[in-house]
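Before I ask anything, let me first share the structure, which is written out below as structure tokens.
Read from first to last, the chains carry the letters A, B, C and D; within each, the first residue is number 1.
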């Protein structure tokens, strides 16, 4: 697993990769017995596409969660970003750059708003981002009857559908974003400060970290990731879609992926590599159940149980480590 | 606040963080706005029916209060309400005789889900956000799975009475919805529980679990009980809501966020340790009044979430800015 | 007052500060030269911490000026002050348990190379720093959460040193240190002095102040009472300045032989992960002191007796009957109360009222529908009896001074009529005036027939208060000393240079 | 302070809407009746075509509306001819509402009825996610399906995926919602949203008190099927000069519906007509009038049994346009015909019957659950009625 080499050497391999390998192995076996094929190219491509969308959001979500915050507005922001991008492009290849720029700018603006509400106005992140989500929802509901805009054909062809072997371009984008986020956390002052703010805001503040600025930046980065996910979805769908974020449950699923990846919900511990593992795990479960034609509702039950169980395992580990 | 008043304070009157003043002020303004637009809202029959229909969310907020003040979250209540309504319809299937057994069963189910949430959170040390998020997925998935994606059966008229009917011909007030009676009884009970030793120590648990543990509080037990209370509140809300509007998969959708928002509006601190159950219930009432107000003022359906979001952010920001820095 | 040094490193003039209309500092002047150790002493609530926060950029002053390095400064935050060369070591650990030593030491000013954090450089420099404070064995890439308390303190000091500070503020730096570590700190302070670093030293321990400081400033009620060269004053005089009256006797009388009751608690062969073969007897009416170095098992003993980290082996009897103390609740039921060392983390419930804090144990241990009115009256009487000073009993406890918080905690336990009370550093971080009040309360408790076990790092307190002293070392009871023992006796047992006197 | 801000916000928001009651009806624009701006989804040509289809006579067996077609144009399918039994694959947008559940069960029953000809039936549920459905279709292409049936989650966004499927060479049948491409062999759906919205709106506006107040209850904004229904209704209301006092979204939540109706009753004193874009909360709306002790005004619902029952029981003045669930049978039939090389209609427009006072009794099936859709055309299928219970 390439993500593994990204881990700082002193941390153990997050359990999520073990779980991922086991899931894929057992799932592949069961699917094979069932007469199917999990590692069929089409299946793998589909899996990686699903992972790319959720992954981009979840990597951003990791940054705010590591910083001790949370973003529940991402689902609406993703929809908004698809619309901004697709409407600006309106089918013209020439408008790709301005469209991407505008979508990311709008996203950064929403992130800034989230960040300021959390830091300057001292609103709990849960409520603040929920409120911002409602603001965006109102805007989307009021302004859009349905899909709008047309994504530039080049973007659809490349980011939306291009792949190298079984690996879609979008997944490579996710890998690149993940690597950048990992690098940011491990090798920049901002990253060190973010982990510190999440670990103990008071300690960070007294050590001279500008907590507010760090958290606002994290929120902006998270929103940028959501915006990027929106641009990807716009390329995938060929248009802007006002409900794609909420239908995809990107808010809760991204948080689930983050905690599956071993990041502490309270902040201060974790990383993006684990998150990608979490995303792949969720996508694999999806793919396996798809192959077995398991009822979608039953799948949801399993998913809920897996999330709880995984975090329980992490909690046990943390407890043991705390005792040692 | 519910602390027993000690000797009068020599200092200027303080707006205590977590006190009822801010939420009362907001509620007051909304009432004035209603009065300006729709004076007959305050006529007894319409006021009674408004209070009756607000009962479920107020009770959910009361249940959520106990969980939040102890430092946890319950994101599963919305799905629990849906699940309960669907289960009730399928089990009763129009048979009046099954009403009471099913009501008892629902209360039991609510308590059981709360117990599971509580035990996973306290004993397995899974953050409650995750526990109840997982429970949310499990409940929604399970109830859809069990009912093949569409609710089946029907609620009996006896069952629906609690949420839909009223005591008629009451002097002065006209009619009092059963839901309002349930609300008054359980609301009073919630205040009593919050003021009891359990309720007071629960706040201490939310504030500082270590100290509470070392003072002989069984922290895990308190928190688990809080989840059970929330589960039972969800069961009652499901009975009232199912009665009010019949069975549907939408019965509980989004109620967890509504309840948490209401609790926060009511001055309860997320993360625990501060706030009152009365505030939480008033917060829910405010939220319901806001929705009615938007109906009265004809705020466009699509814009409502924006108005709601902005008002919540403003209210919370202003009350947060008043509390002293740590 | 004439300034003895031509160019002070720090000059405070007319500093004033108010919170919510309450004046906490007024017209405070202070000078500090390079290489000088300037101690700031005063009761809790005298304004020391606020003054230190103003110097280190935690708060802006309402009035007055801060001149640092001949430049008038208005710091916008701790970071600003750090950049200017002012470092601060806090009383409580300011470390991230999930991060490495190096990451903690360089938090906020990580060394960069081409804009990125230079991990190697960070580790190297951290190792050098640790070596320079005599802790070369501490690995720079260890996770801080795995370190012991004393090691964490060293990281804390290294963290302040890493700032290249020209002025270092130490707020009760020895509070968590064992005695041999205190000696290490003394050496460090001297070394810093030689480098020309100015030190502001806040401490309640007058011994340290007299050992280290060149000058001493006394604060009282937010005002400066006096600034004197150390050589020109005595501890008694300082205390007089601090409290405004002379304390004739620091400690109440010890128990007379007939005050002692029957044996209340015995432990035989008590052991767990941190304790080995503990054997002790505790009598009604006595104050049993427990001394020893940090980490010698003193707190572990209290925690075992209170069921927080119970004994896994051995036998405990209470009034002759065997008991199993598996949880705090079980201990409380058996009549044991525990005043913890970490008041903020384990003693109080910060955002609840004084009354709620005092009622906490009664509520958790009481029956569901006990008579609340009577209980409330009783608690009020207790709070009055221990002389809690608050704007009202519904005031949030976090706004009270440390001493008053401790009294509320005491009232909480007194309400349960405990038969055994365990005190763990009962007067840490508490001002002199409140200290003697607590001492008096401890003795009163023993007189009333309770058995008291008191852990203290403050040797005069330990010697002054105890009827007997147990000294612990490496999880075992190293020996027992009678009343009237000397500091040397305790230290000798604690570090293992003396033979055990009593089995 | 917060309150002040709340006042400002509310008044601002109120201004942003087209203040319905206050504006005089003399204005020539369409929004005069309080119906707001016309939806982006409104395409006049389609609207007129659908309205014309409402009166068209279908071809095909009279007792099997799911095999009938309106004004069919046949396409050749000889190149898809294959020997059976076949493997059919179905990419489903979602199963998250009773309409889709009833429809899917009907489809499964149809598959069972044709068991001799279908070797395998693969069903993948996209759970309402565009992104997942695109992946699902892509995934199905690798599975050796003989034909692919798609019920798209969203028209515009699923187009590229469906195009990719066409390119893979297998016959594609799209139903319910369409896609913006002509590459599928056929697109099956009933007349559509304009027809639905128009029938309901015309009935209500004719039966309600002249000059009375009408409340429009919609489920969600931004769902294409629902948008077309509303836009046709809007045209009808504007033409009849109906005073539409409110257009509200219910989220399909009966509790919210009752609250809205209640508040509107209070605000306007009476509501003389109710139009709904879907039947999900029709019963809740009726109950709101009953609970307030008011007569239930002319109203439209859908063919869900709970509405039909309350209609019968309370003697409502009502109508139920349908979006028949029997259309779920047709794609299987079409796919098999295509694999036989028989020509099929494209587009395959199915008739869209309306339940009225006259034929109401025919659809009141006492055995089936309240949320069952009566227009399922499933009585002759294997497993009836147990399968739908």
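Simple rule for what comes next: a contact is a pair of C-beta atoms (placed from the backbone, for glycine too) under 8 Å apart; a residue touches a chain by one contact, two chains touch by 3 or more.
The structure displayed is predicted, hence computed values, not measured ones.
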Exercise for review: Quick one: how many steps at least from subunit A to subunit D, stepping chain to touching chain?
Suggested key: 1
Exercise for review: Specify the chain most distant from subunit C by Cα centroid.
Suggested key: D
Review point. A-C or B-C: which has the larger count of contacting C-beta pairs?
Key: B-C
Practice item. Could you tell me the distance, in whole angstrom, between the mean C-alpha positions of subunit B and subunit C? Key: 44
Check your understanding: When the centre of a chain is set as the mean of its C-alpha atoms, what distance in Å lies between subunit C and subunit D?
Key -> 72
Point to revise | Chain centre separation (subunit B, subunit D; CA means) in Å | key: 35
Revision key, fill the gap. Residues of subunit B that touch two or more other chains sit at 144, 149, 300-304, 306-307, 310
**Study point:** Junction residues of subunit A - those touching two or more other chains
**Key:** 141-142, 295
Study note, to complete from the structure: Touching two or more other chains in subunit D are residues 95, 221, 249
Revision key, fill the gap. In contact, pair by pair, are chains A-B, A-C, A-D, B-C, B-D
Practice item. Note which residues of subunit B are touching subunit D in the complex, please. Key: 22, 25-26, 28-30, 33, 38, 40-41, 46, 49, 53, 56, 144, 148-154, 164, 241, 244-246, 248-251, 253-254, 291-304, 306-307, 310-311, 314-315, 318-319
Exercise for review: Would you pull the subunit A residues touching subunit C in the complex into a rising list?
Suggested key: 10, 186-189, 191-193, 195-196, 199-200, 202-210, 268-269, 321-322, 324
**Study point:** subunit D residues touching subunit A - in the complex, by the definition given at the top
**Key:** 39-41, 95, 122-125, 127-132, 134-136, 138-143, 153-160, 164, 221-224, 227, 249
Exercise for review: In the complex, go through subunit C and note every residue touching subunit A.
Suggested key: 58, 77-79, 82-83, 88, 90, 94-100, 103, 107-110, 112, 115-117, 119, 141, 143, 145-146, 159
Study note, to complete from the structure: Contacts from subunit B onto subunit A in the complex sit at residues 120, 124-127, 129-131, 133-138, 140-142, 144-145, 149, 257, 260-261, 264, 269-271, 300-310, 312-313, 316-317, 320-321
